[in-house]
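Just passing along the structure, written as structure tokens.
To keep things simple, chains are lettered A, B, C and D as they appear, and every chain counts its residues starting from 1.
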Amino acid sequence: MVDLFVILVSAIFVNNFVLARFLGICPFLGVSKKVETALGMGMAVTFVMTVATVVTWFVQYFVLIPFGIEYLQTIAFILVIASLVQLVEMVIQKVSPVLYQSLGIFLPLITTNCAVLGLAVLNIQKDYTFLEGVTFAIGAALGFTLALVLFAGLRERLELSAVPPSFRGTAIALITAGLLSLAFMGFAGLVKG
Amino acid sequence: MLAAILSLGCIGLVAAIALGFAAKKFAVEVDPRELAVLEVLPGANCGACGFPGCAGYAKALVAGKIDLNQCPPGGAELVTQLANILGVEASAAAPEVAVVLCQGDNHRAQLKYRYLGLEDCTAAQKIADGPKSCPGGCLGLGSCQRACPFNAIEITPEGLAVISREKCTGCRKCISVCPRQTIRMTPLESTVHVLCNSHDKGALVRKYCQIGCIGCHICQKTVPQAYRVENFLAEVVYEEHLVAMEAIDKCPTKCIRDFATGYPDGSSLLPSTDPEKSDAA
Amino acid sequence: MSQQLYLSSSPHIHSGETTSDVMRAVLFSLLPACVVAVYFFGPPALAVLLIATLGCMAAEVICQCLMGQPVSSADGSAAVTGVLLAFNLPPTSPWWLTLLGAVIAIVIGKQVYGGLGSNPFNPALVARVVLLISFPVHMTTWSLPAPLGSGLDLVTTATPLGVWKNAVMLTGHAPPEMQAGTLSFFLGDMPGCVGEVSALALLLGAAYLFYRRILTWHIPVAYLGTVVLLSGIFWLVNPEKYPDPVFHLVTGGLILGAFFMATDMVTTPVSMTGMLVFGVGCGVLTVMIRLFGGYPEGVSFAILLMNAATPLIDRYTRPKAFGMPRGEGWR
Amino acid sequence: MAIKLKTFCGGIHPPGNKQWSAHKPIEDCPLPEEFIVPLAQHIGAPSTACVEPGQLVAKGQTIGAPKGFVSVPVHAPTSGEVVAVEPRPHPWGTSLPAVVIRPDGEDRWAEELEAADPNDLYPEDMVERVRLAGVVGMGGAAFPAHVKMSPPPEKKIHTLIFNGVECEPYLTADHRLMLEEPERILQGIALLRFIYGAERVVIGIEANKPDAIALLQAECKDTPVEVIALEVKYPQGAEKQLIAAVTGTEVPSGGLPMDIGVAVQNVSTAAAVTDAIIYGRPLIERICTVTGSAVREPKNLRIRIGTPLSHLVAVCGGLLEEPGKIILGGPMMGFTQTSFDVPAVRGSSGLLLLREEEVVCQAEGPCIRCARCVQGCPMHLLPTTIAAYARRNLVAEAAEYRAMDCIECGCCSYNCPATIPLVQAIRYGKAAIIAKKRALTL
């Protein structure tokens, strides 16, 4: 139990996927203009990450290892994740057109998102059990959502402030992301994970 | 090797089946014409059409609810493209630009009081009808400038809005925010305008503005077909703009202006040097 | 005659207190701590204070000139940032470190966001954290206080929090000698950053700000209350390993943080509920980082993290508008 | 022992500046050379002129007929000749139709006005007499009183509050009225109580008028009317804040006081109701405080509606210096005027002349989020956020932050260290919200 908690806290705060591991920067910058959209994206990522972890774990331990083809890990994972995200996209488009519209082109981006692939690979590297892996995935996704929502809040506020023209848009977003990442350094050493 | 190929192939197959199934089960109907229309629209989402963004306009177009010429930034070219996609006859709109019908900046026009507060024309207009004595004159607080999606409007240091004819796309955003209807849409080909918006009697106009139209009819007497005077205010009959310049020198208050020869004083907008554009005719 | 009249929207009278009045009051309230700093750390502390303050003001003027904006250093906000930055640096900081901090605070922390009022993070803390991460050695070299006239040289040592953290890491329990000096810590006789050492001087300044109604009680009370409560629980559970709440209060930058850094108006929520949430958040994060984190001191990081959360807090803690049923649609 | 005075949450404490005129007894203002009686003096449809240039009118004669239910007639302030019916500068800022009357000096009452014994009247008759007399809310908003007095039958009024707060700085008109003519007010209160059938009747007075509180308390000793002293705080006299202070209940957002069974009337409205019901006299005069540092001798004047401001200034000994601002109403919610040519109207509780150096003309600075506007807002809104959205034309966001609940009291702007014109920005946003709603319903 304690182990799982440590994994969770570590993935959310200490080794935050976006702000400490710098994975998934593209949606972090792209889908963080509005808090609502960020929440939607966060939920989509949480879902994808969790499902991807489950599937890749099974692929790893029931397909790749038994057949001795671990060297195909990357390509197999990409294949699985890509088709999975396609599936999610179709479902969302049908079930919630509003959410689909606000997530826009970034849903397909989860397909090739290094955060998801990175998570799957890290899971295997760290020799996590199935339960640990899922916990790690949820933690990572929550961390991603946390960073995304915090950042979206900041950007919404920036919209109302008098940022000099040359810094408007992505420039100031990158600076803010840097400062946010600095603040997250405070969690360093909180738990060894 | 065989195991690798087989297992990857199997994974691929499973994924393909799942996707194929989902494509059937969760298919969403999108009118292909809508996508095609969206493709050709400028994508500025300026809202000039009155719909929320280009996607909204595309939807309305495909539904056949409106005319094809509601997108000023797209211009005539877009109208023909849209007509091709939607299979309708095109009715091209003549290109238009917005013009500020006022030259009464803070030096030339009288102020009735000193205004304190929000830098916004609509807000100032609510306080005793705006600080300018002239009821139609430009307040120069820059509401149109902030509304312009194309940065085509500047406010001169003397407090007058000036619209660049090169940058203006005719989107009408400025018109909707101007509380005094000082900005008008005019045909791009006509460069001559009576730059005044006051319907007050000549004597009153003289009192509060050095450069306002006093309704003296001299322009109309000089070129009868090119000017119309109503309620003490002259107006160019734009169909006859070619001969309208003849009256420019005759105007006693110099409120008729030919933009082909440059912008009002104080504006940093350079005189139009492109011969194509200045004699667009 | 009518041309001389002013017309405007109501109201037509004003409290008379302007932004620069507020900034001046904050500067004034920081004076006692400045005096104590110079008393305990001598000329080096004075140098840090001067370089940081003048550096910030100069950086602001240069920035605004370069960007073609009207120069607004007269409002005093850059000076406040400068003094607060100096308060967050060790008295032994070399001049270039201080100056770099000043430039980071003003340029990255404030001007790129559009100047006063637009920055989401406290500029002084941004600079401190950047320096702490970039120059850990310089930023964690502390010296024993050597009161003016005592003839002592500045001796390199560690802060009480640092000593405690080291002891816990090495031996698993608190160093016995640390529990003794609460009163001298309170007066400022401890190694630490320029402005954080004397809780007494800081409280004096804070009292003045309360008197001027520039501070409200919400953030400091929520912050300190949370720290006392949380550290008290840990202390009761294991007094061997965790220090008592009073130790937490008087050591490190907690008082400075709670009254002067976490209350920076620009980077904190605007509603009362929001301020309470902000304060509690700061408290929790501070205790967590102090007790379990890699850094001995967590105040800066805690405040920066809560700064980041401020827009969200603002969003979800809107006051209940007059005439709205409690807990419906609003909040 | 200090008793905790009733009040509301939020608000500000601007300097009262009432000492200049608080001790000055009400003086009758002599007739000016010319009256300018605007046809629009109340919220609702303006009345239409029913006299012509050249016609002779008597004091109290109807010169403007009401148009619709939310509208009241306009009466001649004195006897004389109608000189013109034309647009004239109006306190609201634009030129609006007005009847210009040159007095003949006789000040002869019209014959059609009849006194009545209130014991013979039904409440409906009383309301009708109030309507015909053109009585409006005299606190400044000038909402037709008869509309307020005819709540729909399902909205039973149980509490009737009389507003003697006068929280606007400088103004002392209501204060003097309460001191000098309490019987007129109390008669009106009795009549209104009868009309509404209210169980509880309260007069709320700010604690800075102890003489008025003592006097009215003594007068109301054996009546069911309570006189309550309220904490000195602006905007204690705003309708919703007054109700909150007296009853402890909040008027629902977007609703009216009648939704919680409360009605509020100004004390001077009560006095006007007495005149209308008992004497049949229309609303042609009111008490107006002429004050400010640019006036030689601040006074409380009983003025006729339609008196030009220049005349009021002359009666008060003229100007000490050219004013920087001419404000009709109080300094917190009054309207600045372009000249002294505009007339005082029914809602004009004061004329305030500020010297040029008193005018707040500091350049606007950036918002430092000090939250003073939030702490001061009596409606518990976030003024800085609403203003920021309104200025960027983010109408939906401004509406979501409840811009429409703003009562424009000015507390936020008063407190703002950056001198941001918050009220003006919010007002702008409100106009945009209304325009958008209208566009959507069309």
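As a working rule, contacts are C-beta pairs under 8 Å (C-beta built on N, C-alpha and C of every residue); 3 or more make two chains touch, one makes a residue touch a chain.
The shown structure was predicted, so the numbers you read here are calculated from the model rather than taken from an experiment.
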item: Farthest chain (mean CA position) relative to chain D; value: A
item: Pair of chains joined by more contacts [C-beta pairs], B-D or C-D; value: C-D
item: Distance between chain centroids, defined by C-alpha means - chain C, chain D (Å); value: 48
item: Distance between chain centroids, defined by C-alpha means - chain A, chain B (Å); value: 44
item: Chain A and chain C, separation of their C-alpha mean positions in angstrom; value: 33
item: Junction residues of chain B, two or more chains touched; value: 112-113, 116-118, 123, 126-128
item: Residue list for chain C, restricted to those that touch at least two other chains; value: 2, 4-9, 114-115, 117-118
item: Chain D: positions in contact with at least two other chains; value: 336-338, 359-361, 366, 421, 424, 427
item: Contacting residues of chain B [partner chain D, same complex]; value: 112-113, 116-118, 120, 122-123, 126-129, 147
item: Complex contact set, residues of chain D against chain B; value: 93-94, 336-338, 359-361, 391, 393, 421, 424-425, 427-428, 431
item: Chain A-touching residues of chain C, taken from the complex the two chains share; value: 67, 108-109, 111-115, 117-118, 120-121, 126, 129-130, 133, 285, 288-289, 292-295, 298, 300-302, 304-305, 307-312, 315
item: Footprint of chain B on chain A - complex, ascending; value: 59, 63-64, 67-69, 72, 75-76, 79-80, 82-84, 86-87, 90-91, 93-95, 97
item: Interface residues, chain C side, partner chain B - complex; value: 2-9
